[in-house]
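Each of the next two complexes has chain A plus one more chain, namely chain B in the first and chain C in the second.
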Partner chain A sequence: MSSAQGANPEYVNARIRARRAKLFDDEDYRKLVRMGPSEISRYMEESEYEAEMNALGSRHSGVDLIEYSLNRNLAENFEDILDWAGGGLYEQIASYLRKFDAWNVKTVLRGVYSGASRDEVASDLIRAGEFDDRFLERLLDAQSIEGVVELLDGTIFERGMEAAFPEYEETDVLVPLENAADRAFYENLIAELGDYEPDSALALYAGFLKAEIDFRNARNALRLARSGADLDPAEYYIAGGDLFSEGQLSSLVSSTSELVSVIRDSEYGDELGQALAELEDADSLIGFERALDAALQEYADHLSHVHPLSVTPVLSYIIAKEREVNNIRAIARGREAGLSEDEIEKELVTI
Partner chain B sequence: MMELAEHVLNLGVALQNEGSQTATSGPAIEKPAAAAIGIGLAALGSGYAERGIGAAAIGALAEDSISTGIAILMTVLPETLVILALVPLFVG
Partner chain C sequence: MAKDVKPTRKNLMAIEDRIELSERGHDTLEQKRDGLIMEFMDILDKAQDVRGGMEEDYQTAQKKINMARAMEGDVTVRGAAAALKEHPEITTESNNIMGVVVPQIESSKVKKSLDERGYGVLGTSARIDEAAEAYEDLLESIILAAEVETAMKKMLKEIETTKRRVNALEFKLLPELYNNQEYIEQKLEEQEREEIFRLKKIKDKKEAEEKAEEEAAREAEAEAAETVDAD
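Right, the complex of A and B next:
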């Protein structure tokens, strides 16, 4: 946290907009898609990722090097934002970045569950959230799922984790614990918003969070509907959105077409209309999920122009940066797996 | 800033009262004094505006996205307000 008293959106936003301009654009992606893993590494060494590539270059190689550099660069970028911000702005950014705490908790849980080595799990963590390095080390040292859950006492994840733990013990499946982590993050985020005036920056921020929750619910519901797995959709439900209620979601999962028509009639219908039509025609979720990501990004960008002196530009940068990291990872992994250029391009989220 | 404005206002009222008690016909505040109040308020206003611009300019400079010249120019733009506020001093 900066030593400045009170929020300093001017300073943070100026720096963020400069960083945003340096993100890879469509032209860069077009070049990257035609490269092999080593060429991608070389390209990244000459970009914003130079420091991370050099630091990790001696320990990793190939696609792993790219992936770890991406993760570390992401974490460094978000730590920077927190360093710059002060006052209320810091609080808002920090509570959004707890997303990575949830990610880290899930990574550690999966690591313990699958018996991965400590180093493997450690290199997959994204050190951008509220948990400091010491706490993360303690999480990594935990020997059992129960140990991890106990360590989370006193964090925002405590309640959800403890409620989900008996179910894990019964079924020996991680899903309830993972959902508890996501749910704790979003519910805490909504709860911290408190009261706000209509049409203020905070109200739009709340609108954005609701859209994010709605999209996540829609994505989970569609995945469940398509997989046909016998899972209780209520377990995946995240409260706080406008699109579905818990009961509604459970009944909709049984039929994809009904679910699509509900989304089409909602306030997101205009933005997602084309993607929904594609979903019905092609019967493929990939395009639809990309469309959800792109719609969220566009919404965040829109907000950042409506209220430039608030947390919204930071939010739009965080999403854009995540998108870039996911795109580069998709390209690198796609090339490694020998996918064609067209197939990789379909995986990319560009706006 | 609002407190200060209130203070200046009170001062004006006090001066006015004093004026009526002594029953002189001159204005409550002499013209140069009134112009000085105007200039001072204008300076406060531009100072407040420069606060945000300066912070943003330093942020942009730290990311190397603009030149120092542009940053300084942008930061002192509201200063023109103070120069305009000097006008009443000469024409009033």
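Right, the complex of A and C next:
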């Protein structure tokens, strides 16, 4: 469908519920964790991933086949959702799925920058965003970074890319362009919301998006604080969240403990309390990032029950599906690398 | 060997000079060898520490990259790696340890800050940072290990060479020179003895001749006296 038709949350949510029921549950993960990579492939061939495993089996093998099949299945699932949705619902879902457009833009930029072959770059794209195949093919054909930036004219990335391009030319490092792609996605997400009634479904959806931006800002601020490098925090700030203002973030980056106490005193303090306590003792941010992912998933699940006839159940499914893909990949890669069952189980994000 | 030497006093003096020089060289080389061994032991301790550290860094880096590949996906990790074109730079200078030239490796741009690694910060995670950081640490350890282990190998080679030289002096050159010296001395003594013997013989011969002459003269005189008496 498209935005030209009316919103149809009842239909979409019914389809989504069916899809959600097919997601791997804890029992599946428990089985997978005890399997080797080839057994995982076999298990996937008998699941929802059968078509992708068979389609990609001639091009990839081993854990690479699992990872590429997961990515393609993810893209096809999200494409289906866009096909079902119409009207404002389509717009909201498409807007959220533009994160894959940002991913694809970054992948193409990295491919051109490193001189990777067209096929290599093409296989790393996740075709789940708004960019259609024809546009992605044009991006893949671009011969230079400037060419990619020019092709992005007329998309949500245009302004950010054009602003970041001079800095890229000066430094010959992709950081400004990659940051511009991610920032454009998040800022556009908030900008497209428009006005909404308090306590409406849209308000809850906005709350979820703000939480995602807050979590992204929090993890990036902690990474900057931990890195100890003299970086301008403003360059790594995403506007649109409630937790930090740009100025606040700049002053907090110099002290991890102050940053942690601000997060603890915020509305997310209850969900993240334990992870924050662990963060103060550990020298790694990974546990905290895992807690953020779990909290976001929990938040999305909660919203889907509050307003079942809105975009929130779709959003909750999108996050759950991404989590499933991440978990299966983590198990397969973890088993390939010889990680123990306990180590892998600790890394999985399950609700 | 000793048979090829002419047993002359001049050769003996030349051999004695060579023996003196070789003994001095032997002592110096022995001191050098001992000094090198002491330096080598210090470097060996350092090399063992560095290698231990490097192995530890390797295990950590492997674990971090495996975790990053598992949790973020191979595509993400590969993408983040592709975003960096700048390579670390290495310059080598030389350092002199007891005459052995060993390299001194200086590295730059190995450790990078978050904004120098090429990938965007907004769309990546701490797992990528930690994997990158662990590999930067590993690279630094490898560079240090390369410096220490190259120094160790060069020292070892020099110790071997010095040891061979000491052994060649001690077990080949000096024994040969001593043999030659002994041979010449023996030959010269023998020649001296022969000369004395020859002189003795000449003297005896001369004495015998003189005696015979005297005898003949005495006989002639006796004969002459008999003839006179008979007349």
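The rule we apply is simple: the second predicted complex is superposed on the first by the 347 of 351 C-alpha atoms of A that agree within 3 Å, B and C clash if a C-alpha of one lies under 4 Å from a C-alpha of the other, contacts with A are read in each partner's own complex, and residues count from 1 in each chain.
Just so it is clear, a contact is a pair of C-beta atoms (placed from the backbone, for glycine too) under 8 Å apart; a residue touches a chain by one contact, two chains touch by 3 or more.
All values derive from a computational prediction rather than experimental measurement.
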{"item": "Dominant contact partner of chain A by residue count, chain C or chain B", "value": "C"}
{"item": "Contacts of A:Glu52 with chain B and chain C, given as first, second, both or neither", "value": "neither"}
{"item": "Partner chain in contact with A:Glu322 - chain B first, chain C second, else both or neither", "value": "neither"}
{"item": "First, second, both or neither for A:Ser284, with chain B first and chain C second", "value": "second"}
{"item": "Touched partner set for A:Trp103, first chain B, second chain C, both or neither", "value": "second"}
{"item": "First (chain B), second (chain C), both or neither touched by A:Asp301", "value": "neither"}
{"item": "Which of chain B and chain C A:Ala21 touches, first, second, both or neither", "value": "first"}
{"item": "Contacts of A:Asp214 with chain B and chain C, given as first, second, both or neither", "value": "neither"}
{"item": "Residues of chain A that lie at the interface with chain B and also at the interface with chain C", "value": "none"}
{"item": "Partner chain C, residues of chain A touching it in the complex", "value": "63-64, 67, 71, 102-103, 106-107, 109-111, 113-114, 116, 124, 172-175, 177-179, 181-183, 186, 216, 219-220, 222-224, 226-227, 229-231, 235-236, 238, 284-286, 288-289, 326, 329-334, 337-339, 344, 347"}
{"item": "Chain A-touching residues of chain C, taken from the complex the two chains share", "value": "62, 66-67, 69-71, 73-75, 78-79, 82-83, 85-86, 113-123, 125-127, 129-130"}
{"item": "Touch list for chain A against partner chain B, complex", "value": "8, 10-15, 17-19, 21, 84, 309"}
{"item": "Residues of chain B defined as touching chain A within the complex", "value": "52-53, 55-60, 62-65"}
